[in-house]
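In the part that follows, the structures are each spelled out as structure tokens.
One chain, chain A, links the two complexes that follow: it is found with chain B in the first and with chain C in the second.
Now for the complex of A and B:
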């Protein structure tokens, strides 16, 4: 049972890495921001599975923290975006 | 009884992992940013939900199981609001001439 959880966690990490590779390469800032969301969810799932595999309940707190960090960084990104006016670099993103 | 719980865990964790794959495939294949955002947050959230559901019978104590559900609730709320915020930024930027 435990090695199955580890296998599932590994699978989820590789899938998340695949998604990260695509998201981090795009030039649109919003898409790069989605990498944080992807890492938060995928990382939390992997940490939960590893916690279940090694039967250590503390890993649930780690997953909680990861989710919180993803949410807070997304909120910080959006509040930063809406305050300043669109400058030249953002115009390029508009066309993209 | 435990074999039933283990079987349920296997099925739920397997489906959760498959949903993560679906979410990432959606992220790779969808044409524009908003649909990618949709694919990303919806599929990953459901994948995480299924994994938490699968891990519930394995949790040592009731409090541990409750904390697992809390992780999923936090994931639901934070992903929903974050996606709305990001979509808002995108929409505001697109609507300006």
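Now for the complex of A and C:
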């Protein structure tokens, strides 16, 4: 059973990593930020599976933190971004 | 299967690190660095260092990312042309990084096998502290002095940030957002913090017997507080407020007080009386969690940028 869980974790990590590098290379900043969210979700899933494989319940807490902080850093990113887009829209209005 | 997983993890960590170093724009590099912090947290769990994994996820993935993103946004506002470092600067940075990495690798590889360890001694003395988590026992009982000084260093760092404020703004509030927060952000700022506070309290409490502890709890609390301030739901506090300053120093002061009390009731500085170690440690942890949360939150918020209200 432990091998099955580890294999599933490996599969999830592989898929996440492939997605991660695809998204990180994107030209659009918001898409790159979604990479962090992707890793938050995929990483939490992998940690949960590994926790089940090694039967260490504390791993669940790590997954909890990963989820929470991935969401927070996405929010922090938008806070830096909104002023930027606001400037851009003001510029567009000025040009119009 | 486990071996394959570990090799894959190492390969991805290396690839991500190279991506961070090669990223052309600062924002892209910071985002990849946040992802690196989260993945590194996963790496620490593979080494069975779950406490370290939590700290790495909280600091590397959460607060450092926020700090860097804010710094980058501020730099971008200030200068219209992005500055690219010169070739010599880049080469010097690359050489310095390579030397440090090679030195660390050499140090790790030259460990005798089996490596010298105090782990059995730490586990054997665990009963006398009443704790169940050996990491907390090391941090708050065996090596409490290191932890105490570390918290003082955090306060010094905050003083350094505050002292960047111009004279007329001293004591005023830092400003986290100039524009109106977008509605989805405000929604997140209302929904997430209750869960975050619950998780932080849990982390602080569980730290005595299982992986977790003050630093992780404090970081989560700080992240939630920053989220509320960034969503403009509550303004940042004025840095001259007495309650704020008392709470900031409260954790380290309590730690010092308990330390000096050790002379009277136990064997000396920072030694706890027999049988009462656990309640004292949990009390110190609770006070430290509040201090750490405020310190980290204010570190990210930056120096005051508004004049104090008369």
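The rule is short, and it goes like this: the second predicted complex is superposed on the first by the 83 of 96 C-alpha atoms of A that agree within 3 Å, B and C clash if a C-alpha of one lies under 4 Å from a C-alpha of the other, contacts with A are read in each partner's own complex, and residues count from 1 in each chain.
FYI, a residue touches a chain if its C-beta (ideal position, glycine included) is under 8 Å from a C-beta of that chain, and two chains touch if they have at least 3 such contacts.
Predicted, not measured: the structure shown is a model, and the values here were computed from it.
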| item | value |
| --- | --- |
| When chain B and chain C are modelled together on chain A, clash or fit | fit |
| Touched partner set for A:3, first chain B, second chain C, both or neither | second |
| Which superposed partner A:78 touches (first chain B, second chain C, both, neither) | both |
| Which of chain B and chain C A:32 touches, first, second, both or neither | second |
| Contacts of A:24 with chain B and chain C, given as first, second, both or neither | second |
| Which of chain B and chain C A:70 touches, first, second, both or neither | both |
| Shortest span in Å between Cα atoms of chain B and of chain C, once chain A is used as the common reference | 5 |
| Footprint overlap on chain A, comparing chain B with chain C | 33, 40, 57, 61, 64, 68, 70-71, 75, 77-78, 81-82, 86 |
| Complex contacts: residues of chain A adjacent to chain B | 1, 4-5, 8, 11-12, 15-16, 18-19, 22-23, 28, 30-31, 33-34, 37-38, 40-42, 44-45, 48-49, 52, 55, 57, 60-61, 63-64, 67-68, 70-71, 74-75, 77-78, 81-82, 86, 90, 93-94 |
| Footprint of chain C on chain A - complex, ascending | 3, 6-7, 9-10, 13-14, 17, 20-21, 24, 29, 32-33, 35-36, 39-40, 43, 46-47, 50, 56-59, 61-62, 64-66, 68-73, 75-84, 86 |
| Complex interface listing, chain C residues touching chain A | 1-2, 4-5, 8-9, 12, 15-16, 19, 27-28, 31-32, 34-35, 38-39, 41-42, 45-46, 48, 50, 53-54, 57-58, 61-62, 65-66, 69-70, 72-73, 76-77, 176-179, 181-182, 185, 188-189, 192, 195-196, 199, 203, 206, 210-212, 216, 220, 223-224, 226-227, 230 |
| Touch list for chain B against partner chain A, complex | 6, 9-10, 13-14, 16-17, 20-21, 23-24, 27-28, 33, 36-37, 40-41, 44-45, 47-48, 51-52, 55, 58-61, 64, 67-68, 70-71, 74-75, 77-79, 81-83, 85-86, 88-90, 92-94, 96 |
